[in-house]
Amino acid sequence: GCGDKAKEDGKAQTPTGMKVTGDVIKIGVFEPTTGENGGGGMQEVLGARYANQLMPTVDINGTTYKIQLEEVDNQSDKSAAVTAAQSLISKGVAAVIGSYGSGVSIAAGSTFASAGVPAVGCSCTNPQVTLGNDFYFRACFLDPFQGTVMASYAKDAGYKTAAVISQNGDDYSTGLAGYFKKSFEELGGTIVADETYQTNESDFNAILTKIKSSNPDCIFIPSSINTATLILPQIAANGIKAQVLAGDTWENAAIISKDAVGVAFSTFFDENDSSNPVAAKFVTGFKGYLNSDPKNITFNANTDTVAAVSALGYDSYTAIYEALKSLDGKEGDITSIAIRDALKGVSFDGVTGHISFDKNGDAIKDTAYIKTVDQDSLTSKEFKFIKTQTVKK
Amino acid sequence: MSKQNLLRVSDATMQFGGVVALNNLNLEVNKGEIIGLIGPNGAGKTTAFNVITGVYSPTNGEISFDEEIIASNYPHGKMKALYSGQNAGKYTKSLVPTPDKITRKGIARTFQNIRLFKDLTVFENVLIAKHLNIKSNVFTATFMLNRKEEQQMREETMELLKILDLEKHKDDIASSLPYGKQRHLEIARALATKPKLLLLDEPAAGMNPQESDDLMNFVSQIRTDFDLSILTIEHHMQFVMGICDRIYVLDYGTLIAEGIPSEIQNNPKVIEAYLGVDE
Amino acid sequence: MTKKSKTICTIIALIVLAGIIFSVDEFTTQSSMLRTVLQLGAIYALAAVSMNLLNGFTGLFSLGQAGFMAIGAYTFAVLTIPVGSKPIVYYLYGVSDVLANVELPSWAGLILAGVMAAFLAAIIGAPVLRLKSDYFAIATLGFSEIVRILVASSPFNKITNGSLGLKLIPAYSSYYTPFIIVFICIVIIGLLIKSSYGRAFKAIREDEIAAEAMGINLAKHKQMSFIISSFFAGIAGALLAMYLGAITSTTFPIMLTYNILLIVVIGGIGSISGSIISAFLVTAAKEWWLRFLDQTMVIAGIHVPFLRTGFRMVVFSIILMVVVLFWRKGIMGQKEITWDGIYRFFTRKSRKGGAVNE
Amino acid sequence: MTATAFFSYCLAGMSIGSIYALIAIGYTMVYGILRLINFAHGDIFMMAAYFMIFAMVDHSIPWYLSMVIMIVSTVLLGVVIEKLAYKPLRTAPRMSIMISAIGVSYLLQNMATYLFSALPKQYPSIPILNKTIDIGNVSTSLVTFVTPIITIVFVVLLMLLIKYTKMGMAMRAVSKDFEAAQLMGIKINSVISFTFIIGCFLAALGSMLYFTPRPSVFPLAGSLPGLKCFIAAVFGGIGSIPGAVVGGFIIGFSETLIKAAGYSEFSDVFTFVLLIVVLMFRPTGLFGENLAEKV
Amino acid sequence: MLKIENLNVFYGGIHALRGISLEVPDKKIISLIGANGAGKSTTLKSIMGLVPKSEGTISFNEKDITASQTKDIVGDGIVLCPEGRRVFPDLTIAENLTLGAYLRKDKEEIKKDRKWVYELFPRLLEREWQLAGTLSGGEQQMLAVGRSIMSKPKLLMLDEPSLGLAPLVVKDIFSIIRQINDAGVNILLIEQNAKAALEIADYAYVMETGNITLSGTGKELLASDSVKKAYLGE
């Protein structure tokens, strides 16, 4: 039941939006580069920066506009996010890319909406980001989908029982866990343990002992990278042999270690997927970009592996770029409202697949990539692609 | 002046672990009297004050003020053998008041180690002591619906400062006053609660004989001005002997003598335990 | 200065302040950072002043501020989210039947937010207030964490939406709303402190034993201060919820309490005007003035060293420590801005100036 | 619950409990002497881990040397913090020092983020600690047993130091009255530095024992253990060393058990409720001395 | 031995010591008397380096200690028994005494001195294991004096040692001071009990509002009219 959005927006006045003056169009990059999700956020920034390098200008109605990125750090913190968003608005951005982490995106959502500036989320998978917000779009699939994907994957692999570990107070983690549980049970599986931990928790022995005694076939752990790197060695140390499953956040070279061998997670993109020419071109180009500056490599967890979130960062930029291009030949000023309206009609082949937005602003996607860590990954620092997983709606 | 009883301490015992600080103390103060409480160091004088003012609740005994029992505790069973006195072992539901309740009943005190509100002004120090009689509640007070009452509190405070010769220090921070003035201020603050009985714990400590003489006059002055009874602890004999109607002497928590100053001065037990012989 | 001239000065100052806020509204765009900082600063000012009432004026070292703000924010959000938006907000767990048709106006939500925080303060106050200094601090900190975790826990899914938090919370009806509410609240706290009860609080801060000997009922007055402080913390929380539009339990971490404590200490423990000034300064510095430090900057082809993401917070923490180290008592100490003080400040200055001329 | 499961829980409780204990001692000692809740302690603990990574991973120094380097730099860091951030505030109001401590904590976290990025880094594996041993069908690493032993040894040493040596007595004296302590000829600055040295030494040691089985370090890695240990210190009666240890173990075990019972969602709630309840009955913690102020 | 010249001390705006000079010669008892707030305690505190001095010099045994730190001054042999007792409340009586001897190494002598202190104040021996914070005011005062004796100073400065003591003990205190002095310790004494202080003193100074207004041998001052009027209450 989410029909009439304008009414449900909660904002009385319709926003006026931002008008582009001069020949510079500013695009905000709203990402966490510090705090809990600082690692992943940085990788999205890299994707956006690379895209900006490739597509630095746009011609609209005879003028060549320079596209300038305005980056801001939302610190992975929901209250800091709002002022961070506000500072982008105050700099006059016409559209925004971001953010990694659904919580900060939800928090900043109403700020963007009331300023009339459209935002394109890269990897914020929680439905709430776009729900009830006419200005938020996103380039990735959603948690209900992702949860179902992982549940289906588990089911297909023949697992009957599952344990779930999620982070108290975190919307991404709890939401995804919720969808996984729901679908897994619908598919006939049983959830034998449902545990939560606090933000910044680093000792999981008690939880794992508990899980071990419930002896599940698989364990689903939607968590941040930090938690992943902590929990995997502890799972190994506790002698737990169950299959570990996770969500998109785990696609980061930082988790690769001998304890991670065998985990499976869903993600948006695979760099070795040769079926998509756009992707192939992006991968070579982006690797070159990463290697062009040692700092980039540092920010990318010390490898030149292309993270899905970087690809999404690129695609989000492209989406806005496409929207801008479509303004060419149209009458009227270039305003953020116009960009928003244009975004609704955008349709292109992106790095992570074909992208167009549904009425909620969500990218219409039906495929997730399942990846794993195998012995080779330990040396190559790359994930191994297993298969694509789709679900029947 | 007819002798009308004001304070009665019966069989009060106070024990701290193994230390018996007060042992079966019986003491009375009548209306209008100035009573001295003396004794060697650690005899239990301050403890007696603490028991009367509700800082400690006695391990045994009863305290009544103005014909009303304000604190009592009579343990029974195994404990009873430990204590003596008329009512020992008679189990009563113990009555444990907090110091503020005692102050409301009309007993005010000063402290052996001066305890002023150090960072507040002299005026505020005294004004705070008026708070206990406030009739308005926190809402009416906040929204200034009690102007009259507030005005009256301020006026009374001013008057008190005038009487106690602290008027010119009114806006000084309490801790910046010289020692003697701080003692005065402590007394002023106690008086502001409108007590019937004033307890002074070594008011002349740290004063030279001259200053202590002045204080003596001051104390007898306030007795008449404020219609007070006073119980005072003091080691300055000139002070005690010069001002007290009667004196109680404690040693190791036990009362060893009681009487008018001249009797006490010549009591051999007191001389041995406390006064010493003048060379 | 006479009483009358002081009143006139006060009125003029208020008009000037109102004028500043008004002109910010008139002459800056909707998106100006100045607006954000002013609004957020006002909310923090209220949170800080309410904390100061407890920590600075009553001498009760509480670290529970974030918890009470969370209670206020959640109470407000739960009661005021429009009925139409509820299906969107509670899309995963559904909304409890009791709440499904509840939609209070903002003012009622604000008051209830305060009342709810005050109510919980009353419940936990009785046992916790018996604790001394740091133990009290830890107990309140623990309480705050309990609130934060419970709010996000599954049994409350249908009320608080669990970890997913609440969004589409009604925003301010106008730009002026937060200023007016904060102003009223702070004035009330100020009046309270000036009243006889406020003096009793100060007495407790100075010396509990002496205060009790003066007939002040410690338990009652501490409780009173705790409840009132929590009431306003609840309102500050509700204002924050309105400002943010979306909250989750992690919006109110211990860090939030620390940040408010920091504002209190920088402003001066026991000074209302200090808390207010420092709330605006700290907010402006952190959220606005220092933001450029996060961005790589190229001047004349040269990369300015150090500037990259994360540097802002490094600089902010250094500034913070420098302020504490060299300005120990905070901006205002225990003093308030008074007309007498300002008058003295200027006359002293001018007298010095005069001496040169002589 | 099977016997095996129960045994694993005990091991888990013991290993986390003893680390909490070790770090809690640092809090309690600094509190004992400066009446300061050293909010930065958890972050010093985190920095210790980065020092270890720096030495062992980045510079491939053998583990025993790295350990020495790590401990020395952590202690140095602690002493420098004391000198720069706390010493100038000796006479300032207590809350200012506390804010200074919060400031240091922010600074260390932000510095770490700035210098090492927010991404987790792998803690090096220390061969002897990582050896796994099997008891029945429970396997665990040696560190699980080493930790409690180290903790107990240091606690006993410290208690002897504080109770019976002049330094210990000086520490207790300084904690109450700087000026009077000076009048005894006590060098208060050295005594305070000494306290920080011990506290940071234990934090460094604790950091090694903590991160070995949880080999992932990021700038906020110290914040939650820091908070837990601090609560442990309060639990036992802040200022009391045996109290800190008992508090650490109680929190470690209660957390583990409540998770074992299937209430992981409420484990911290339970810990805090337990804390508040204990304080109701013992307002100064389990071992805290009830210092009745004499009137 | 100790020599103060032109000492000035300010507390913020308050000029507490206005250029005082005094001297404590070897083997003597020197008394310092004066009304409340005259600056007596401030004088002793500034000798110990506890308050910042704006002007003047202090030397001890020919060594300039004006800028020395407290701990070094104690090391040089000057010990202050401070105003307001300042015992360590969480430590037992025994531990307080041990801390008094913090800088001493002579174990045997310390033992002897401890025994002596217990002889002087038998009450302390009775309560050896009681926490100092729970002692009565007078008992704490005894402990404070005992603790400073334990330091075995060359110069012992006592700030109102008789405060809060019972008359019998007050008499003892003065004989104790004598005994300490006989043991070769110099004494600088502040007392409100001016009569006793002057009787015991070899030499005495009178302070008024930050100045030394009068000085002389104890006997001279006892006979002085102004002293009689102002401090002896006659």
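Per-chain residue numbering starts at 1, and chain names A, B, C, D and E are given in the order in which the chains are listed.
Convention: contacts are C-beta pairs under 8 Å (C-beta built on N, C-alpha and C of every residue); 3 or more make two chains touch, one makes a residue touch a chain.
Keep in mind it's a predicted model, so treat the numbers as computed, not measured.
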item: Chain of greatest Cα-centre distance to chain C; value: E
item: Greatest separation from chain D - chain, by CA centre; value: B
item: Geometric centre distance via CA averages, chain E-chain C, whole Å; value: 50
item: Distance between chain centroids, defined by C-alpha means - chain A, chain E (Å); value: 74
item: Whole-Å separation of chain centres (CA-atom averages), chain C against chain D; value: 31
item: Chain B-chain C separation of Cα centroids, rounded to whole Å; value: 43
item: Residue numbers of chain B (touch at least two other chains); value: 46, 55, 111-112
item: Touching two or more other chains - residue numbers and ranges from chain A; value: 33-34, 38, 42, 168, 198-199
item: Sequence positions of chain E contacting 2 or more other chains; value: 134-135
item: Residues of chain C touching chain B in the complex; value: 188, 191-192, 195-197, 199-200, 202-203, 206-207, 209-219, 224, 228, 334
item: Chain E residues touching chain D - in the complex, by the definition given at the top; value: 48, 50, 70-71, 74-75, 79-80, 82, 86-91, 95, 98-100, 102-103, 133-135, 147, 151
item: Residues of chain C that touch chain A when the two form their complex; value: 30-33, 36, 40, 82, 84-85, 87-89, 91-92, 148-149, 152-153, 162-165, 167-171, 173, 240, 243-251, 253, 256, 287-288, 291, 294-295, 309-310, 312-313
item: Chain B partner contacts - residues on chain E that touch it in the complex; value: 33, 35-37, 84, 123, 127, 130, 134-139, 141-142, 160, 163-171, 192-195, 230-233
item: For the chain D and chain C complex, residues of the former touching the latter; value: 31, 35, 37, 39, 85, 88-89, 92-93, 95-96, 98-100, 102-104, 106-107, 110-111, 113-114, 227, 230-231, 234, 238, 265-266, 268-269, 272-273, 275-276, 279-280, 283-285, 293, 295
